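By letter and in written order, the chains are A, B, C and D; residue numbering begins at 1 in each of them.
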Amino acid sequence: MPTLLYFARLRETFGVEREQVPLPAPASVAGLLDALRARGSVWATELAPGRAFRVAVNQRVANAETAVADTDEIAIFPPVTGG
Amino acid sequence: MPTLLYFARLRETFGVEREQVPLPAPASVAGLLDALRARGSVWATELAPGRAFRVAVNQRVANAETAVADTDEIAIFPPVTGG
Amino acid sequence: MHPADSVRVQTAPFDIGDEHARIAALSHATGAIASFTGLMRDTNEGDAVRAMTLEHYPGMTEAALVEIVTDARKRWALQAVTVVHRVGTLLPGEAIVLVLTASAHRGEAFSACEFIMDYLKTRAPFWKKEETPAGSRWVDARASDDDAAARWIDDGVTD
Amino acid sequence: MHPADSVRVQTAPFDIGDEHARIAALSHATGAIASFTGLMRDTNEGDAVRAMTLEHYPGMTEAALVEIVTDARKRWALQAVTVVHRVGTLLPGEAIVLVLTASAHRGEAFSACEFIMDYLKTRAPFWKKEETPAGSRWVDARASDDDAAARWIDDGVTD
């Protein structure tokens, strides 16, 4: 199953740092986000289209069309604020 | 009498670091340069119109029209190359 | 990564004098070293800030920094680059990030240093949480940082 | 000159770590310190250079540096500026000049640092003489330095 990681404000809001989720259908970032939004509450609000969050697949910046495979590490995080 | 200072390559070429010269007529940078050029040899060559040199009067950048008085310190030097 | 470069994410403070000396000693062909140090300010958005915690994404963050340095090396002739970014809890006045760029000439060193900072601010996964009198809060990303990074994008290239 | 600023011409080497620490300690409102260090290269115009002697115009040089820093402060909100320039004989690898600029934000620190270097290169009376295998020679001024300084002149203003 893909591993999901959450960082910073989203980690705190979701109350989870890491979890494994079933491979979504379609097996893409878009499919995964739909599955997460279907949990409702903060998941639906924070991941709503238009909200500012980023997705990385295997530590590379991804977009909605990026494919997601069974052993992938997918990270969801807010816009970065380092430096 | 005005004090003249020479720096860097011009100091070496003229073979003088500091000298006092009579107040030129007209009492301006242009008048002073004409008096120096009248010495001939390296003075005429190095200070020929169009050559790259700078003049400061009392430690402020000057031009041909800048007035020159009896107690002034006038410096003549090549374009700067610090930093 | 180029062997003269150093990219690190660490909790420990760094010493800019040591980092500068390392990069200066590498080659007598270096004529210019530009540096940027980001320091923790004691105010932000009008509020007092008494501490800050920096979080990162281990692995991806280091890879992002290496990629930014690699991009900079494609644009400018650089003799050495150092990027050090701290994580964990910091107090006002402490240094957060250091970027050093060494080149033969100053224009390249300056441009590369500013480029690396602009891209680091928008592409490297770090997040800041501030402790203010009203409680803790995550710092929001700045549109001005996106603008700063965008000016390095050549016309017609969207990399 | 602003009390937080330091402008010096000296024969002794300087320590960038010490200079950076001084400027960083002044205020916790400082979020950004940019620096530039100019180093003596062991080649110039294709020739080996084994030593360099820097001459200046005592009094006028310091005044010119103060004026450049004052100009920078009119353009950007700076918390502190340090300019140290060495004179006398230097060997390859030695630092010639250091400019440090502290500001709340990085854009101002970077711009001010680059501005000060560009103006220093064209307006501060320093002259370099190089020792090469073929003898000693005075370094010629570079047109590229004039170009670098000219880009700070606002349209219609010729200061």
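As a working rule, contacts are C-beta pairs under 8 Å (C-beta built on N, C-alpha and C of every residue); 3 or more make two chains touch, one makes a residue touch a chain.
These numbers come from a predicted model, not from an experiment.
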*Hop across touching chains from subunit B and tell me the fewest hops that reach subunit C.*
2
*State, to the nearest whole Å, the distance from the C-alpha centre of subunit A to the C-alpha centre of subunit B.*
73
_For subunit B paired with subunit D, centre-to-centre distance based on mean C-alpha positions, whole Å_ = 26
*Could you give the separation in Å between the centres of subunit A and subunit D, each centre being the mean of its C-alpha atoms?*
48
*Where does subunit A touch two or more other chains at once, residue-wise?*
83
*What are the residue numbers in subunit C that touch two or more other chains?*
38, 117
*Every chain pair meeting the contact rule*: A-C, B-D, C-D
*Provide the residue numbers of subunit B that touch subunit D in the complex, in ascending order.*
5, 7-9, 12, 52, 56, 59-61, 75, 77-83
*Could you pull out which subunit C residues touch subunit A in their complex?*
38, 54-57, 59-60, 63, 85, 96-97, 117, 120-129, 138-142
_subunit C - residues contacting subunit D, complex_ = 15-18, 20, 24-25, 28-43, 92-93, 95, 104, 106-107, 109-110, 113-114, 117, 148
